[in-house]
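Going by the order they are written in, the chains are A, B, C and D; count residues from 1 in each one.
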Amino acid sequence: MAEASGMPLGGVIFLTVFLAIFGTFLIFLARAIGGRRTNNSAAKRDIYECGIPGQDKRETKVSVKFYLTAILFILFDIEIIFMYPWAITFRDFISSGQGTFVFASMMIFLAIFIFGLFWEIKSKALEWD
Amino acid sequence: MPSSSFLTDISLNHYLILSSVLFVIGMAGVLLRRNVIVILMSLELMLNAVNISFIAFSKFTQNVDGQIMVFFVMTIAAAEAAVGLALAVAIFKRFKEVNIKFFEHLRG
Amino acid sequence: MTPDVFLFWFLALLIVGSGLAVLLFTNPVYSALSLAMTMVGVAAIFITLNAYFIAGVQLIVYAGAVMVLFVMVIMLFDIKSEVQAFTSGKISGAMKLIAVGLLSGLIVGGIIMGQKSFVGELSKDAAAQVAEANSAKMKRAAGADAATKELGVALFTKHIFGFEALGVLLTAIAVGTVALARSRGGTHAK
Amino acid sequence: MGHDSFEITINCIKLVLIFLMMVQAVPILVWVERRGSAFIQNRFGPNRVGPLGLLQLLADAVKFLTKEDFAPDRAIRPLFYAAPVFALIPATLAFAAIPMSVPLEIGEYVFKIQGYDMNVGIVFILGVSSLAAYTILMAGWGSASKFSLLGALRASAQVISYELALGLSIVGVILLFGTFNLTEMVIAQQGPLTFRAFGHTISSQFLPNWGIFYQPLAAVIFFAATFAESNRLPFDLAEGEAEIVAGFHTEYGGFKMLMFFIGEYGHMMLGSALMIIFFFGGYGIPGVTVADVRQWAAGITDSATQISVITTLVHFLSFMLKFVLFLWIFIWVRWTLPRFRYDQLMDLGWKTMLPWALGNTILTALVIYLIS
């Protein structure tokens, strides 16, 4: 029992820890080997900009579309996740004679999904200009 | 009773204690923090704590219903986060404020 | 110390630590990132409880979608770290802390006291059951995702109404949030 | 991790080896990309250092290492430095779950040629690779530059938009195989192409039983979505010299930049590997089954260990051949197709690929329902 649950997870954790240590080591290695700062002007230490004073991110105007996209992504993502257990059991349901019922219930779900998607498209929530 | 068996025998109780500790952290967050977004995050923390105990019960009673409940809870939590953030952002856009104290003035 | 025990304590520490970090960081970006870490830890706990599919869903939905939305909103609207992150008022704050402490004491104490009653019996009975179920699982080890199939079957027979209702709920929320997000304030954040 | 310390050690070494393989592949891919683009555009490309310019890789690595480590004053240091480290993790974790060959049997030990066998392979891979959005957001926010922030928001919105189409196209694949497990999928794709419908069996001697013949639409959508997921042309809208400079890694240079590259190429490799597993028979060889290969190996040698080693090696080579082919397609497309505009990209993801993937799911379910 210990093996069944411990094996893949132990590998994942080992790899994560290894990667974190390895990555940190690389950063420090690059810091140690890398060249030293010779030019120490304010312009060099500033963020990237094409010849004018650097603009902080706080003055940046950002479209709310990004956040709307993220919200819609969450909702549709969950609906897609709901299809996974359905997809994996669909053949079993068919062979046990419940295929019609499960197929119909998923089609109702998909109809709601498609209605939502087309409403978003029609309401121009997904329009980028 | 912290004994050697408490440390080495992982039973249902361990998962329940973990779950309750996480729940309390989430509740402290809801009560103590003032930023609406952090309060929403603490709510997610509480829901996660409940999910742990659902899954633990599901395993120790060999009943898959607990997992389905978690599935539903996750869905509703995500929906709640979406609506909550949409509300917080709508208020923030208008009043530039995320402090929970400020929200008192929104009545009427 | 078997690997499972080590994993549990490691993950419990990770979860409680990053959960506390959510509470204690005054900068919401760090709070959100530590909450994402908590979510990943909870997913790992689900794997130790053999709920593989739910662990994956936890990663995809919570860590991959909900927390990304939180981080994105905090970055998009540049919600700064607060000067006064915690509620003001020493007395009310203390009262809240006491309430939290009492509740936590109650829960943990209740569980530990109740070890011999309901919970204890359950976990003892369950140990035998788990052994039984595991021996059954060994026999059909070929079907690696038997547990997930079981979940699917239960979802589409017993809980079919909840499933359809959630579909409606999600669509309603998709419509509602879009309406809410563009209600007023123009199309730009500032 | 295993039954005894020997097995645990081997499994850990295996994980490290998989990671090192990915890291080693990056400079080679960069070289192939530069030479390949030069070939496509009728140029020379790097050809001065070493034979065919191969030592250019080494020179580049040395150059990256000796660059000054630099962070802007306004940057949020913890996030700025953590982002490249995090960039390594999602792609590697997901790639380690890919089965690359038949298990190796030495004595009583069975070693899988994959990092770990998550029994919900696809769900695990999707979940882990969806964590890549944090790297982008951390880098964008940590740099404190407006170009980085805009690039990060663009990149993460793009990544999550295409995750929908990606996830939905996989539903058809799961319906087809009825499993989440990648190894079982590969096993299901062995042998000649066989359709079973209404009690008849139609079999072809020439074509292998690959997923692409059942799910061509899903394959196209999946492949296109992996391009967007790995932020590569024609979907590399996170970068753009004229608008947002280098996107979320504007402020990065030297080795930190290289680590982002490893992450990007890691996603490319993951996309190719998944493409092979889902639609091109995994490590299987067309027209030959694993049993055939084992029999052939038994004709060469008697030792059971050697038979197993040969079988594993042959299938590993088959996997690698397909893998390299798909990586080349990734590079080829980059230098052939023009870029999209951002609104076109979002339109393609939400209004074209998502409905088509939905249609594919419904069609697959309908066909499976009708023929059985």
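One rule holds in what follows: a contact is a pair of C-beta atoms (placed from the backbone, for glycine too) under 8 Å apart; a residue touches a chain by one contact, two chains touch by 3 or more.
Just so it is clear, the model here is predicted, and its values are computed rather than measured.
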Chain of greatest Cα-centre distance to subunit C: D
Chain pair showing more contacts of the two, A-B and B-C: B-C
Central subunit by CA centre of mass proxy: A
Chain centre separation (subunit A, subunit B; CA means) in Å: 21
Interchain centroid distance [CA atoms averaged], subunit B/subunit C, Å: 6
Distance between the centres, which are taken as Cα means, of subunit C and subunit A, whole angstrom: 18
Centre distance in Å when subunit C and subunit D are each reduced to the mean of their C-alpha atoms: 29
Subunit B: positions in contact with at least two other chains: 74-75, 78-79, 81-82, 85-86, 89, 93
Per-residue overlap in subunit A, given as positions that touch at least 2 other chains: 6, 8, 10, 12, 57, 62, 64-67, 70-71, 73-78, 81-82, 84, 88, 92, 113, 120
Two or more partner chains touched - positions in subunit C: 2-4, 49-50, 53, 57-58, 60-61, 64-66, 68-69, 72-73, 76, 130, 145, 148, 151, 155, 166, 170, 173, 177, 181, 189
Contact pairs between chains, per stated definition: A-B, A-C, A-D, B-C, C-D
In the complex with subunit D, residue positions of subunit C that touch it: 3, 29, 33, 36, 40, 43, 52-53, 55-60, 63-65, 67-68, 71-72, 75-76, 144-145, 148
Residues on subunit C engaged by subunit A in the complex (per definition of touch): 2-4, 7, 10, 44, 47-50, 53, 57, 60-61, 64-66, 68-69, 72-73, 76, 78, 130-131, 134, 137, 145, 148-149, 151-153, 155-157, 160, 163-164, 166-168, 170-171, 173-175, 177-178, 181-182, 187-190
In the complex with subunit C, residue positions of subunit D that touch it: 1, 79, 117-120, 123-124, 126-128, 130-131, 133-134, 137-138, 140-141, 149, 152-153, 156, 160, 163, 167, 179-181, 184
Complex contacts: residues of subunit B adjacent to subunit C: 1, 7-18, 20-29, 31-35, 37-38, 40-42, 44-45, 48, 51-52, 55-56, 58-62, 64-65, 67-68, 70-72, 74-79, 81-83, 85-90, 92-94, 98-99
Contacting residues of subunit A [partner subunit C, same complex]: 1-2, 4-6, 8-10, 12-13, 57-58, 61-68, 70-79, 81-82, 84-86, 88-89, 92-93, 98, 102, 105, 108-109, 112-113, 115-116, 119-120, 123, 125
